[in-house]
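Right after this note come the structures.
Here subunit A shows up in two complexes: once beside subunit B, once beside subunit C.
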Partner chain A sequence: MASAQALRTLARPAIPVAPRIQPVMRSLVAAFSTTSLLSAAPPAVKSRKDLPKKTKKTYKKKQNIVPVKKPGPGERKAFRKRIQLSNNSALPVTGIENLEAQTMAKGESSGKMFAIPDQVVDQLRALEAFKTTQTWNLFRKPHVLVRKETVELMSKLEASVENKEAFKCVLTGSRLSGKSLTLLQAQSHALLNEWVVINIPEGQDLTNGNTEFSPIPDTEPMQFAQPVYCLKLLQNIYKANKAVLEKTPLKMDWSRLTSLKQGATLADLALSAKESEFAWPTLSALWTELTQPGQPPVLLTLDGLAHINKVSEYRDPSFNIVHAHELVLVRMFVDALSGKTKLPNGGAVIAATSQNNTHYRPSQELVLSQLEAGQAGREVPKPNAYERKYDDRVYDALKNSTVLRLEGVSKDEARVLMEYWGASGMLRSVLDTRAVAEKWALGGHGIVGEMEKASLMTMRM
Partner chain B sequence: MASIASGLRHARCASSIAAAPWRSSIVPRPSFQLAIRSITNDVQKPSNTDLEASSAAESVLIPYQGVTHARVLPATPSYFSREPLFNDLYIGISKLLTKYNHLPTVPPSEAPQMPWTKLEEMRAQMGEPIKSSHYAKVMRVAKRLNLIEPSLRPAEVTVALTEFTRDINPFLNMPNPIQIDKFGRAVGVGKRKESTARAFVVEGTGEILVNGKTLSEAFGRVHDRESAVWALTATERLDKYNVWVLVEGGGTTGQAEAITLAVAKALVAHEPALKTALRKAGCITRDPRTVERKKHGHVKARKMPAWVKR
Partner chain C sequence: MASRLKIWGACRTLAVRPQPARLPAQPFRVQISPSRFYADDATNKSSKPPTGTKIETSGSTTKSESGSAGVAQSIELAQKASQTPASTSQTSSIEALDDAALEQILYGGRPVTSQREGGLTEAQEEALYREGVIPPPEEAEAALTKSETAAEPRSILPVGAELQTAGHKFGLPKKPYPDGFNVKKRYHPVLEQITRLLMRHGELSVAQRNMAMVMNFLRTAPAPIYSPKFPLLPGTPPAAHLPLNPVLYITIAIDSVAPLLKVRNIAGAGGGGRALELPVPLAVRQRRRMAFQWILDVINKKPSKGSGRTQFAHRIAEEIIAVVEGRSSVWEKRKLVHKLGTAARANVGSNKLKTKKKK
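Our next item is the complex of A and B:
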């Protein structure tokens, strides 16, 4: 039945087909239109250009490009190298004394925290004594822990003024043990006692070939000055020691070098170098003045000792390598460290080694180990007969110094330090003997930097 | 269970069976003879001569005297069940339970640890298709018997329970306890990945040396330092002991975690009560994870080569 109906539908459609609108044959019948638009002919295709173009459809999202302002030249480096000495989020710690002239030399201040006075902070900043790797930016104000070794060093500095003899010292010790910070403490002690402080913040700046150098005429073998660095150093010396230098009159006649009035001070001499050509002669003159009897004591410090005890990156005009000791600024330091330059007013020459930023230095290692063994009364180690890279100049430069080794702090000192952290709001946990012992052990038997790493900078890992 | 129950019924009804076992009293015959014929032959023989008959009457055994069954009676009524040996075992153990049901018991945690025979093992031993449900019921009885207070346990129970235990007792396979030597040192050994650590723990003030270096020199990562001393930190013993460690093999993480285990073991030798705390801190169990081996056809353990069209 159904098939019959289906057949019928196939044979004859049930719905009649709608009548089609028949196209008007324009050629045969006249167009019935009032508009000229329809009658207009389609646009003529004259060339390939007139053909409709294929456009490829893209599904890519349009990038929302926002113009970002890139940091200017030097801005990134300045950000990296900036020194932040306070943090308003940290709690202020009350009840901590300020450092005074004799504080760090006294035995009873061992194992206590002290605040660095603001005046000294500014001077230290001018000397570039603070480092980016130190955690000053976690606390409200710069404070220092006076440890046993600090007192030992400061009493030596005091003794040097009494003896009118230079105290020559090399600070060494394991990584993050506080060598640079002890150097900073020595500088603040010197500043508080109205010494003249000269600081070379990084030994590698002098020898890695990044600063300009120029040969000094009439020297044999040829020596080199670093005029730009010297000028900057002079300005830093002036900024840090302004008060002392302005009080100190000149002892010698420097009319050959500059036109200074009668009764000029050391500050005038330091300021007389306006151009880098005169920087080294002026610095040399200042150093000569400071080594005259009757002048204030001098503290000469340098960090990164290994870098001035090597062959520098510089070349002489005939393209021979230049030993770092041929650079006059380095030589000035080395002569003072070896005792060749006497300091008749007392004072100290302190160099700190670095364990991170260093290189292979057999002579320095040898002489330091020998000095240390000699001081402790142990058997003095002999040089390795198969070592070919020993350097006699380095050996001679260091052989007259004393070695002060810095390692971890004791548990009592660690406790004082951690209490300060706790008071600053940096340490949230309960502070008891167990907590101190834990951090002391995690910090490799009280290495201060490692303790900081384990307790303060856990999020930075 | 039906077969066991029927076996039990047999045991209950025919109590004489056990008393007079058929097999022991039967005399082996000299040769095979058909039973009926031999009766007639034997009866005919003595009729020949009286003398012979009288002598023969003494020598020839008269068969079937005292015999009540026509066929060989099985030694145990379980013979007719599906699992006769197992059935007997069950009957024996149930009897023991009825007998000693009154004895005091201990809680299961205090009962002596027994290496119970597994189902597969028992099937193999007996050669019988033991059902797992039957096995479970038997083991319930055996475990109930094991709960009897050990000091009061009868010898026959102990003997019966040996049937349900394996020959080797893995619970007796204990490591040698760590001794504290005359210097007060306890040596623990720990492993993780490829690393092996030996820790010498001695009472002290909290100094730690790893291969002669301090913790900060040995491990640059603070996390590794913390995991190396975790056994001491978790039990709050960091300032009570000195640790001297030798560690070799593997990487830094492996070495640090091997030290955790080594220190924990040595610490347990000093203070056995800390074992639970250390187990909770995860310092007792060795982490068995190691590098997965490379397979052929793979680039690494799991990685497959990239698909290439032809």
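Our next item is the complex of A and C:
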């Protein structure tokens, strides 16, 4: 033994070796083999929950599950959102004139039905002016009733072109009273008069956080563009206003944005955005072009005003809330509505409130009621001293507009409308003064949508 | 056509065959009066032969009732049938009647689908909703005026003139009010019944909304294409008339596919512990109920094509269109029931029933 110790001392230096860090063998084994894990004991039973559960045996006969072809992605939504504008079963109504450029601005066409020309129907469809909740699908062709308020609005539009000044208007009124439809009439009037129409079909699409957004560099406070939405909007604008845009040359130089040839038109500009990154700069360029003197008049419309006057669902990079007016597209609209952006060729900015899909915006309510009282010469309501949610930006955005209130139609207009329904074969009862008065009263004194509900969407036929 | 032919075949064996030997002992017949079988008995249409849809049921019951005085229909039918030379003698069976002759007897020589330009008259529609058959226009008119005159004294009668007119323009109705007394019904009778059938969880207004959607869907759908294999109610107007009259559309669909009878199983009466299968004719409302339940069964198994609350209504409307176009599986059910009823027709006047009743 002693000799062995001596040998070791010979072989190694006498200096004591620093203790090495030895790899832990157990962990190494565990890394390369699962055997120990598998052979591990079952987990310890600590409570009643850990006990193995009895699986219930079912004696129920399994139903025969027939393989059904499931609808593809987006198919159901497309079915829900589809817009049907004609019904071949309905009788064609004869003796109704087509809308012409000046028809709706004339006083004598008040209280008459008019057919929307097919070309305008296509354009309106491109603008997404028709809504699923409207009853276009019952009739052979889209027709509209020109009511008193329509004529009033259209003559204001006409005046705006003469004055070279924007007509800024908010349509309001009770639910189903025809605000969206009046918006549609304004759009068809503008299309017939070769204006450029830009329509934002639902205000909520912009602020409910369902479309992509991206910050715009070098803005303080930070602003946001919505590239995908803007691209779609640009394409819709092009589709609806193709004829006008194609004959309007550019006035400014956009070479830093796109490579357009000399003598390019607005249509070329609108088409130059192929990808969503360039959508907002292009849209903004198009808007700048349209606000230059010498271009065609513009109609800018939006439905669902309350949704763009709130704090949006978006957040900035530091997770602060974003006011809807910081979204550039909304801001474009709001600037036009407040008069900050001038329309030197005339034109109009019209926003419609919605009563179904809305929420309480104190500032909006206040300013609209004040404007309405001011127009009617009544006493202007004062702000509520205890209300804490007033929003000055909203107030400033709306304070320069006029308010047009829509309520029920008169009995004569109701009669014309019901005669049209009858002629289309949708209303089978005898149409006399009594029937008209009945439906008029059932429809909340001539609220068109309610009258429709009472006479077309009912079991009583 | 095949199903209907078989049922006519049943009529041949049932309706006119005289059975004098079996007349005396028929307790079952005495117990069930004809008024229990016919919901539309009140209309007293005994003077004319009952039109197509009801003939089978009347046939199956009149077999045992040919002796009783109240059943004028079968006698009338027998008389009419005897006018045709083929069936004069009792020995030469009524099987000799060909389909054309039968159609003459049953439908009065009218084509199954009317080609008239104007569609149905108001009186005809009224008769359809009330009775489930479409009579010829003149007859419907006569029935309507008759029922109106009958209903008139019932409606509003000032009793003591001075007392009644005080403060009332038209006087007060006479008390006690008769059953189902209403000055005006709010909804169409067919729609009312169907709406309540498609109601779920007691939500009537939802059902009404669904019904309104069904009708709007029918109004926007293209006109149906009738199938010659599945004839609808005789006298059905041309297809182009249906979309704009959704109530008629629904009624035609339901009344065409409705079974005329059901087979009641009487426990233990079949002998040897078996149930006795007894065909029983159905009244109009019962028929409609049955047909719509079948349609609902089909609808509940069908997958939706989209999403949202309009889907249920869409499926109903599509099934109604399918029925009218002869694509629906409901026709098969009707065929089955009728086949069963025809097979069990011998049980109608069964003696076994007597013993069963006595127990």
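Basically, the second predicted complex is superposed on the first by the 393 of 461 C-alpha atoms of A that agree within 3 Å, B and C clash if a C-alpha of one lies under 4 Å from a C-alpha of the other, contacts with A are read in each partner's own complex, and residues count from 1 in each chain.
We adopt the following convention: contacts are C-beta pairs under 8 Å (C-beta built on N, C-alpha and C of every residue); 3 or more make two chains touch, one makes a residue touch a chain.
For clarity, every value in this text was computed on a predicted model and none was experimentally measured.
Q: According to the stated criteria, A:425 is in contact with first (subunit B), second (subunit C), both, or neither; which is it?
A: In the superposition, A:425 contacts subunit C only.
Q: First (subunit B), second (subunit C), both or neither: which does A:380 touch?
A: A:380 sits against neither subunit B nor subunit C.
Q: Quick one: classify A:80 as touching subunit B (first), subunit C (second), both or neither.
A: A:80: touches subunit C, not subunit B.
Q: Pick one for A:458: touches subunit B only (first), subunit C only (second), both, or neither.
A: Both subunit B and subunit C are touched by A:458.
Q: Quick one: is A:101 in contact with subunit B, with subunit C, with both, or with neither? Answer first, second, both or neither.
A: In the superposition, A:101 touches no partner, neither subunit B nor subunit C.
Q: Have a look at where A:311 lands relative to subunit B and subunit C in the superposition and call it first, second, both or neither.
A: In the superposed model, A:311 contacts neither subunit B nor subunit C.
Q: Can A:437 be said to touch subunit B (first), subunit C (second), both, or neither?
A: Once the two structures are laid over each other on A, A:437 reaches subunit B alone.
Q: Should A:90 be classified as contacting the first partner (subunit B), the second (subunit C), both, or neither?
A: After superposing on A, A:90 lies in contact with subunit C but is clear of subunit B.
Q: Shared contact residues on subunit A, subunit B side and subunit C side combined as an intersection?
A: Common interface on subunit A, subunit B vs subunit C: 458, 461.
Q: Quick one: in the complex, what on subunit A touches subunit B?
A: Checking each residue of subunit A against subunit B gives 174-176, 408, 433-434, 437-438, 440-445, 447, 450, 453-454, 458, 461.
Q: Which stretch or stretches of subunit A touch subunit C in the complex?
A: Residue list for subunit A touching subunit C: 68, 71, 75-77, 79-80, 84, 87-91, 137-138, 425-426, 428, 456-461.
Q: Across the complex, what residues on subunit C touch subunit A?
A: Residue list for subunit C touching subunit A: 186-188, 191, 195, 208, 211-212, 215-216, 219-223, 243-247, 303, 305-308, 310.
Q: Sort out for me which residues of subunit B touch subunit A in the complex.
A: 205-208, 214-217, 221-223, 225-226, 229, 233, 236, 238-239
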